[in-house]
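What follows is a set of structures to go through.
Two complexes, one shared chain (subunit A), two partners (subunit B, subunit C).
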Partner chain A sequence: MFDYLHNFLFASALLACSVLTAEEGQREKLQSTIDAALDVIYSDCCSELTVEDKQAIVRERIEANYDLDVIIRRAIGRNWQLMKTSEQETVLELVKKLVLKAYVDGLEGKSRPEVTLGDVTTISDTRIEIISTINLDGKTYFVLYRLGRMASGWQIYDIVAENISVVSNYRQQIDDHFRKGNAAELIARLEELLQKNDINEDIHI
Partner chain B sequence: MKTYTYSLLATSIVLCGLTLVVPLRAQDSYLSEEDIFNEEVDGAANVYDPLERVNRYTFAFNDFVYLNFLQPLADGYTALTPDPVEEGASKFFYNLKYPVRLVANLLQGRLNGVWVESGRFAINSTLGIAGVMTPADNFKDFAPIKPEDIGQALGAWGIGPGPYLVLPLLGPSNLRDLGGLIGDRSVNPMKEPFSLIDDWDWEWRLALTSSEFIVTSPTLLERYQQLKGSAIDPYSSLRNGYTQFRLGAIAE
Partner chain C sequence: MKNRTIEFLVGCFVLFGLVAVLYLAIQVGSARFFGSDSYTLKARFSSASGVNPGSRIEIAGVRVGTVKDVSLNDNFFAIVSLELPTTIQLDDDTIASVKTAGLIGDRFIDLSPGGSGFPLEAGDLIVDTESALDIESLISRFALGGIDEKAK
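Let's look at the complex of A and B:
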């Protein structure tokens, strides 16, 4: 009986370890993706590249591990159904470019942020959260990554920076847009934003 | 020996069963597109904004002032001031606002917050030369905590945000936080018209207030521009960002 119990406990521990390792694996995967993206902006190998090239490589490195469509589709929410298939594809692509442009432009010229990931918090079978601490120019920021298990694997479905959810923020903007406008106008607005080199342009009401 | 063999066999069966079941369960259990794409998101989807038309005009006015007046001032300050001086000045003004954080903690009954803020103020004002440095960071019991203000205290009492407001020059707020701002000013030693230090000349107060404005503006403007640069509708983005940020601060 003792032997049986011993073996059973051993088996259970082995199983628990394998489940834990699967979640810990997400932490490692996220860390390596963040590091790979930051390398594009800060390592010597990419210093000669144009901003556009850097955006393209950052995108490539993120998409090697995560599907960016997930977080963008979540930000669009039910407005997705208000667009034609071709418009859906265009909006996805333009938002993706806009977010990557903001990411690369926001970090260019600054010192490399130090990103430390905390423990994985299991919310449910299909959702986990990973908190990260970012030290940038002597200041500390907290960013929470929310990941969900989808048919395509674990995907980032929201990023919460200093209590501000990226998805909620874009969802509100897109909801507000569709209250008064349509998909064609949204596409025109996104194209206009992408062409802007200087964000210091006055706001038009 | 026989017992051991049986137990090993039984354990192997259980282990094999579990290793088969767990991956099957994992495959079955995933989020559908409906779950993830159409789920309601937390935060500030429905901000009460009855004054949107006026707010948008104020927002455009503020944007014009920030870009054409404040930004050149902030750029000049950043270019002329070495980083340690910039950092020291920022810490000095933060330290000076201790009464605001003290009252906000007291109003929420956060005695630990009162203790930490008071300790930090005492250490940084003395050893840190009027708060220019923060030696309190080295004391485990006085590690930095998130700053509290009176608007947060009002929120913690259950007072709702009321209508969203964009204040001229000051930017996003709401009715509750506007009340909190008046409260903050009444206990802030630097501010007119409720200053606790009555014998200060107005020139000194103006000089201090202007300096604080210049010292804090580079960070604020940088955040504002990052948000604006990636926004489809900057007004809507800032309204949502402000509301989420305040909700988070009150919840903490």
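Let's look at the complex of A and C:
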């Protein structure tokens, strides 16, 4: 009986440690992904690359660790069901391109941001949050990464910058769009945004 | 016989008054006689400033429910109990935000329903939340600068 209890406690402790390690591991994974993406823009290895090539490599490095579909699907919310499969695929692809273009264009010519990740906060068995501070051009911004454990592993499902959720912000815009428009018009609008030279000036859907 | 009639009428009048007071109390308190047509969800906010029991809950600008309770948990997060009708089913990617009606209006909870296909059950916790923008701290940040800003 004592052996059974001892084994049970040992197994429980081992499981608790492994869960803790798995969650702590997410911090390292996120930090390495952010660093790898920033290296594309700031390290000497990629300085000769075109903007399009940089976007492609940033995408490759992010998608090596995280599924971008998760956060985009969440932003689209219930409007996902209003689109045909082909439209869903097109929207996913266009939004990814748009986000990467905004990311690379937004950082080009600026000094490298200093990203420091804080502690991992466990919300539940399937939800964690990692707070980060970003120093960019002498200013400090607070960004919260929300991660969820899904069938495909831990994924970023929302990013909250200065108390404003990216998913909530874009879901609101997409909801507004679908109240008066359809998927074809959304695709047209996304394509129009992609054609703009300075995308960071107007990224409203 | 006449006295009995008067007593009966006074009794009716008093009873009517009591019913009227009870009705008024129920209306003012937004209470229900039977609670089976509603369920409660919880939402976790870093700040629920201005949200009180009785504050309204909206979806797309339409009032759908009422805040039942606001409390503090062990980790110093505000836990807001949301009372919603059973006719409104929300998925687990629903986002709850504290909003302000106008610039200086009342605070309320705005729900942005998701589409994950995994419905929230009574008592579930919404962790994807946005606290209200703190205008005072925003102004002071712009006016005085953040304490974390590097000296130029």
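As a working rule, the second predicted complex is superposed on the first by the 181 of 205 C-alpha atoms of A that agree within 3 Å, B and C clash if a C-alpha of one lies under 4 Å from a C-alpha of the other, contacts with A are read in each partner's own complex, and residues count from 1 in each chain.
The rule we apply is simple: a contact is a pair of C-beta atoms (placed from the backbone, for glycine too) under 8 Å apart; a residue touches a chain by one contact, two chains touch by 3 or more.
As the structure is a prediction and not an experimental result, all values here were calculated from the model.
Of the two partner chains placed by the overlay, subunit B and subunit C both lie in contact with A:Q172. Of the two partner chains placed by superposition, only subunit C is touched by A:I123; subunit B is not.
Of the two partner chains placed around the shared chain by superposition, neither subunit B nor subunit C is touched by A:S47.
Looking at the shared chain after the overlay, A:T85 reaches neither subunit B nor subunit C.
When the shared chain is aligned, no partner comes close enough to touch A:Q195: not subunit B, not subunit C.
Of the two partner chains, subunit C is the only one touched by A:R146; subunit B is not. Looking at the superposed arrangement, the partner reaching more residues of subunit A, out of subunit B and subunit C, is B.
When the shared chain is aligned, subunit B comes close enough to touch A:L186, but subunit C does not. Across the superposed pair, subunit B and subunit C both touch subunit A at residues 74, 76-78, 80, 127, 138, 157-158, 163-165, 167-168, 171-172, 175.
The touching residues of subunit C, counted against subunit A in their complex, run 44, 60, 91, 93, 95, 97, 112-116, 125, 127-128, 130-131, 133, 146, 148-150, 152. Here subunit B touches subunit A in the complex through residues 3-4, 6-8, 10-11, 14-15, 18-19, 22, 26, 29-31, 33, 35-39, 41-45, 47, 56-57, 59-60, 63-64, 67, 71, 87, 225-226, 228-237, 239-241, 244-245, 247-249, going by the rule given at the top. Residue ranges of subunit A in contact with subunit C, taken from their complex: 74, 76-81, 123-124, 127, 133, 135, 138-140, 146, 157-158, 160, 163-165, 167-168, 171-172, 175. Of all residues in subunit A, those touching subunit B in their complex are 1, 3-4, 6-8, 10-11, 14-15, 18-19, 70, 73-74, 76-78, 80, 98-99, 101-102, 105-106, 125-127, 138, 148-151, 155, 157-158, 162-165, 167-177, 186, 189-190, 193, 199-200, 202-205.
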